[in-house]
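To start, the structure itself, in structure tokens.
Chains here go by letter, A, B, C, D, E and F, matching the order in which they are written, and residues are numbered from 1 within each.
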Amino acid sequence: MHRFLYRGIVAAAIAEDLGSGDRTTDSIFLLGETGQAEIVAREEGVVAGLAVAQEVFAQIDTRINFNACLRDGDHLRPADRLALLQGPVSGILTGERVALNFLQRMSGIATATSRAVASVRGTKARIVDTRKTTPGLRVLEKYAVRTGGGENHRLNLSDMILIKDNHIRCAGTITEAVDRVRKRCGFTVKIEVEAGTLPDVQEALANAVDVIMLDNMTLEMLREAVKLINGRTLVEASGGITPDRIKEVAATGVDLLSLGYLTHSTRSLDLSLKVI
Amino acid sequence: MHRFLYRGIVAAAIAEDLGSGDRTTDSIFLLGETGQAEIVAREEGVVAGLAVAQEVFAQIDTRINFNACLRDGDHLRPADRLALLQGPVSGILTGERVALNFLQRMSGIATATSRAVASVRGTKARIVDTRKTTPGLRVLEKYAVRTGGGENHRLNLSDMILIKDNHIRCAGTITEAVDRVRKRCGFTVKIEVEAGTLPDVQEALANAVDVIMLDNMTLEMLREAVKLINGRTLVEASGGITPDRIKEVAATGVDLLSLGYLTHSTRSLDLSLKVI
Amino acid sequence: MHRFLYRGIVAAAIAEDLGSGDRTTDSIFLLGETGQAEIVAREEGVVAGLAVAQEVFAQIDTRINFNACLRDGDHLRPADRLALLQGPVSGILTGERVALNFLQRMSGIATATSRAVASVRGTKARIVDTRKTTPGLRVLEKYAVRTGGGENHRLNLSDMILIKDNHIRCAGTITEAVDRVRKRCGFTVKIEVEAGTLPDVQEALANAVDVIMLDNMTLEMLREAVKLINGRTLVEASGGITPDRIKEVAATGVDLLSLGYLTHSTRSLDLSLKVI
Amino acid sequence: MHRFLYRGIVAAAIAEDLGSGDRTTDSIFLLGETGQAEIVAREEGVVAGLAVAQEVFAQIDTRINFNACLRDGDHLRPADRLALLQGPVSGILTGERVALNFLQRMSGIATATSRAVASVRGTKARIVDTRKTTPGLRVLEKYAVRTGGGENHRLNLSDMILIKDNHIRCAGTITEAVDRVRKRCGFTVKIEVEAGTLPDVQEALANAVDVIMLDNMTLEMLREAVKLINGRTLVEASGGITPDRIKEVAATGVDLLSLGYLTHSTRSLDLSLKVI
Amino acid sequence: MHRFLYRGIVAAAIAEDLGSGDRTTDSIFLLGETGQAEIVAREEGVVAGLAVAQEVFAQIDTRINFNACLRDGDHLRPADRLALLQGPVSGILTGERVALNFLQRMSGIATATSRAVASVRGTKARIVDTRKTTPGLRVLEKYAVRTGGGENHRLNLSDMILIKDNHIRCAGTITEAVDRVRKRCGFTVKIEVEAGTLPDVQEALANAVDVIMLDNMTLEMLREAVKLINGRTLVEASGGITPDRIKEVAATGVDLLSLGYLTHSTRSLDLSLKVI
Amino acid sequence: MHRFLYRGIVAAAIAEDLGSGDRTTDSIFLLGETGQAEIVAREEGVVAGLAVAQEVFAQIDTRINFNACLRDGDHLRPADRLALLQGPVSGILTGERVALNFLQRMSGIATATSRAVASVRGTKARIVDTRKTTPGLRVLEKYAVRTGGGENHRLNLSDMILIKDNHIRCAGTITEAVDRVRKRCGFTVKIEVEAGTLPDVQEALANAVDVIMLDNMTLEMLREAVKLINGRTLVEASGGITPDRIKEVAATGVDLLSLGYLTHSTRSLDLSLKVI
């Protein structure tokens, strides 16, 4: 992930937390005291966002040295050290919360993704995310999903065509919707269509789309749809797939499981920063 | 919450999701078709963020009429309608995801807060949040906590003095840290000190601070600290308080329970938008 | 094209031209004089950017009424009126140059595109643009190409995979480059490979990419490549295709002609604004 | 040209082209491979914008070393090397297109200007630009004109007074327009008046303006106007002066030829970047 | 002054004062109470900035009606009403301080300027400002000077050439400095030279500059310089001219008095807002 | 004061003064001449803002070395050197005015504050500022007040509760206003109430607020109010306290004197930059 993509996000987060200045730290540290601190794990998981945490401290005080002890994607156990910081203590403490907020959230997403990926092992299914991300943090969250072993669904509304039920209802039929899209969308993008029923699947197939999203189907329906499609397009299962249902959905033979909860209901990973 | 505070956040979120344009919707809707849509609940909870959702649609197309059917803070049951939208369908569909991302997240926080508040009913304890919020969304998340019946801890680093263990370690003692702060922080702010042990509590009391934060204490220690403080300052219990522990922590007699999970491990409330 | 996408571009352009204020107009118009003006064509072409011109005046003075007399994509003849403006004359004159700068450039691109499209009539070839656009104006220029009847190549570096000679040289072979991409790029994007020789084309075919770009090939080579590919992928001819070569390149049977000159060497369409 | 003036323009251009990241390059380069690349000319011309190209790479990756082999204003022949780059190949490829887009456009303008300047050699006429620049890029394009040997007309609406036909029509007469301006514009700015006829010229002269713009006059009229003015003010010829007409217009004895085509109908200079 | 020029300044000022919201007002006004308020003068002076104050309230709440009772440039006496506001009281109180901060400062500058202008009545001298303005507020302060009857010196570093002692020292001589400037600055700008001695004045005259600035000269020297120049250029007296010295400096026959104190040592005019 | 807080302010100020470039300096310095300059005092005072001045030059040219010879808060005498600069002369001259504008204004505020603080020596009164600061520069001006030995009143509208006459009038009574605030404002903020009469003071006391502001009271009333309050809350005297009244107001026994003139009617300290 290019630093250009998150520099502004980090600056906004610091501004938000700094307000008119860190009154506590500014009152206590007057002499430019330097010191060391470490970021450590308090629970198991997968780390993501080290470069973002580093960027936080770099923006707060260029004299802070941030030495990552791990790489994004590494598995963590409690008490593992993620990074060692050296430099002015005041800057380290001023940046602590913002850096952790990024790192804990991104690691939480990578961890949840990694668990989902483990659940589908042995099937051909791959784990993908959705656009149900935190407003303003999409590039970071999509990156965290990749870090956890998942794959990204479209990044934004111009990244791929996804014809959903609301579009179909307005266009009349899947065929009409796909026709309109084909006339205008250009040769660079793939087309996915949401299907709620087997006839929908058949209509989508007839239109030779690239991906068919099976929305909120029962396991039985998923299996039938997969059989019907028979490898002619990619097949995505979507809609309310909770961690405990992943295995059985993957077993239906779909190619992709899109999981909104990875990003819309993230549990932060428990990390802390300690002056040492 | 003043619209001035979230206009820019909403604009950034739309830009992020729009990319270079909504290729699907732009291909399908060519004639300015107008229509209606509703936002409905799919589970129980407390709504928060209706004005933010409205702002999303207002920025996307001023011709979209957003009529809220409820008010922030209202309790929702499945199938309840939160809002009715009228206007160009393309704009409604282009804005759908961004509006829901805000509304689901904020309602999720309000819901979790409301449940925590219910858990402390009958005690004098109040529920407060932390600075463990999503980078970039703090004003919205703090607002959602208030909407759910909670109270805000400090908004940012200049909103109050909070002397934490890292500060104390560097200053040497609580007394020294408080002294330095008193000399520089001005008359407008309150001072809170983190205490990990009973001697810490005593030292904080001796310094006449406004609030004492009891960090990661056992129930037994919390009870003793409350007795020791005996109403001379506000008492905050903090650190890893999960939903199932709220009741027993509140029963120790503390004034405030600060709950990081309200914002760092939010579960989005399940809402959806349907063209009708 | 969504207004959200160009509002900021327009604001920056006005700021750039306004400097510290329009000294001429501000000195001459003191009484809020209102009047009428028209935008007229001085040469033949295709109009594009009316909404952008309208946005300029809307940002300068909300009281200016901009009534478009044509629609984007319409053909213009000299003396045709594009729009009629009514309102404060000072605002109309202050906005004149910025509005025309957008409208003339976009119409120039639409006109050039339209001529290129006319040149390929009777073949199956489609005209597409490139990323050789004016820094800061890409969405507008890509829109102008669509308005002129062309199709957009990828919008930016995350919109599609395009493996070019520099990538291939670094990866070693086309196959290696495609392999690396397949492992990481996700299911949503298509893959295009640049081929400079027939063996390149064969290697790209073997990797089942979506599009093959034939770069700077002679007509003879293009014909052979088309025969070799035989409809298994889309075929794009690229590299130095000037207006006079379009017809013969299209005749080789390629699907797409990408023309950098549409946007990197635009000739503005001659339009003017007259107070009437 | 101060770096402060284009840093933001460069950042916006990178953001525009990067989208959510360079999917191709990010997939292919995983190991931080470093290498070399050169920017070379494919046709004759005058180079302008090397510092802007350098800024592009500096913003993308500070480890890229950009060594200019020429200076802005130097004449290029095909195959001349403009710059040598060393550093991470991924960054070089990610920045390639944006850097070239700036450099090719600016060099195109410098080249066209330089040719126009050559055409007036032997006369006293100087070549100047107009405000018909690309929205958002004015400082760069005005700089390119200077680099090619031209002179800048006013930078923006507050840089000088230019009373045009629309202003005169609204004020009633040239004299009235100049009077209003004199009362309000301050002592720091010069005043130019557009004149379409010889009586206009006489009225402008009577008002002792600093520059008279002869708009769209025939060669015969230009000669008469020059004789009439007789060195009392600067004389600018303006309006539809194409390259083939420059010499004859300059021969009429005017001081300044303002050429809109330099910036509104720029042909990019053909340059390319090659990994070596 | 065009609204486009101060919209952003106003937005930044509101953001600065609003912080995370107006805690007092938001706590007290819950029901959307509407009411009236007036802005009244508490001392004599000249009003400037009514449109800016109006913009503050417009940005805070579009439902607030701001009715100016005076026009910029009008003279005020104590108790005069400047404006009447109607609408939501909470918005009026939230915006009060920011609106007054602008209005008091701008009126203070207009008042000081107006007094300086009165002091030179009967001489040919005109009052001009300097670039010693408040960072970020230059367009507003320059406007306030014009409103008070003064004239603007250059708006910024690209608005005119001003060769000062530091430039001359580095170039060697005035002549050398002017020569370099003439070669590069273009035909649109005037040239002013700072002169500290009579020989400087003579050298500047010999170079036919447009304005000569007499810096920190005694009255005697000013008179001699004016005699020497004898109307061949504009003459500006500059440097430490305090209100009590204006009359005598003007009497020396200079054309322009530039007064830094108008903007660098502004005294705000005493105004207040009252709910009525 | 954290550099993060003023970087953007400095960038905006440079942009404002630079316009499209420093025409004078750019014309005269072509060869990258380097040199030295010093910033010196021309009058007595207290210095504030050295880091901000340094930031100006750092943003203009990173090669300029800014060596502060004093520290913020130091007392200055005429001819004292504040800083020595070394590097490209063109950058030093381009930045001169902006750097001085910040430094002179901030030092002016620190000087005025320092004098006010001297006036209250021997009493228990402390000097505080107000929100009557220059729009856009609040953090800098509040910092200058601290540098001069003063204390900051609230930084913005979310920094503390201040119930003023307009709020009380709308709520009905002080008690009602305080009640509403207590219900909603959270435990982190202090509450101040404005009192215009002794009964107001009594009502405020009865509500146990943290600070009482005595607004525009006579010395007699101030003394009575202080006696009445008798140390139960902090007491602030406010409203039209001019330098000559400070001593007598302080003698009444109040804790805080808030002085609007420190920031709304600043006199810049006279400093200059000289190339040496």
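Definition applied: contacts are C-beta pairs under 8 Å (C-beta built on N, C-alpha and C of every residue); 3 or more make two chains touch, one makes a residue touch a chain.
Computed from a prediction, not measured in an experiment: that's the story for all the values here.
Visitor: Once the Cα atoms of chain B and chain E are superposed, what angle does the rotation have, between 0 and 180 degrees and to the nearest 5?
Guide: For the C-alpha superposition of chain B onto chain E, the angle is 120 degrees.
Visitor: Any idea whether B-C or D-E has more C-beta pairs in contact?
Guide: Looking at B-C and D-E side by side, D-E shows more C-beta contacts.
Visitor: If you list every residue number at the chain A and chain D contact, are more than half found on both copies (same) or fewer than half (different)?
Guide: Shared-number fraction below one half, so different.
Visitor: Could you state the distance in Å from the CA-based centre of chain A to that of chain F?
Guide: The computed centroid separation for chain A versus chain F comes out at 45 Å.
Visitor: Hey, how far is the Cα centre of chain B from the one of chain F, in Å?
Guide: 33
Visitor: With chain centres taken as the means of their Cα atoms, state the distance from chain B to chain D in Å.
Guide: Those two chain centres are 52 Å apart.
Visitor: Residues of chain E that touch two or more other chains: which are they?
Guide: 18-22, 26, 94, 138, 155-156, 158-160, 184, 189, in rising order.
Visitor: Applying the document's contact rule, which stretches of chain E touch chain F when the two form their complex?
Guide: 9-10, 12-13, 16-30, 33, 35, 37, 89, 93-94, 96-98, 100-102, 104-105, 108, 131-138, 155-164, 166-167, 169-171, 177, 180-181, 183-185, 189, 264-268, 273-275
Visitor: Touching chain F in the complex: which residues of chain B?
Guide: Going through chain B, the ones touching chain F are 126, 128, 146, 151-155, 158-160, 184, 186-190, 211, 234, 255-256.
Visitor: Could you list, by residue number, the parts of chain B that touch chain E in their complex?
Guide: So the residues of chain B touching chain E come out as 1-2, 4-5, 138-139, 142, 155-156, 159.
Visitor: Per the contact definition, I'd like the list of chain A residues that touch chain F in the complex.
Guide: Checking each residue of chain A against chain F gives 14-15, 18-22, 26, 59-60, 94.
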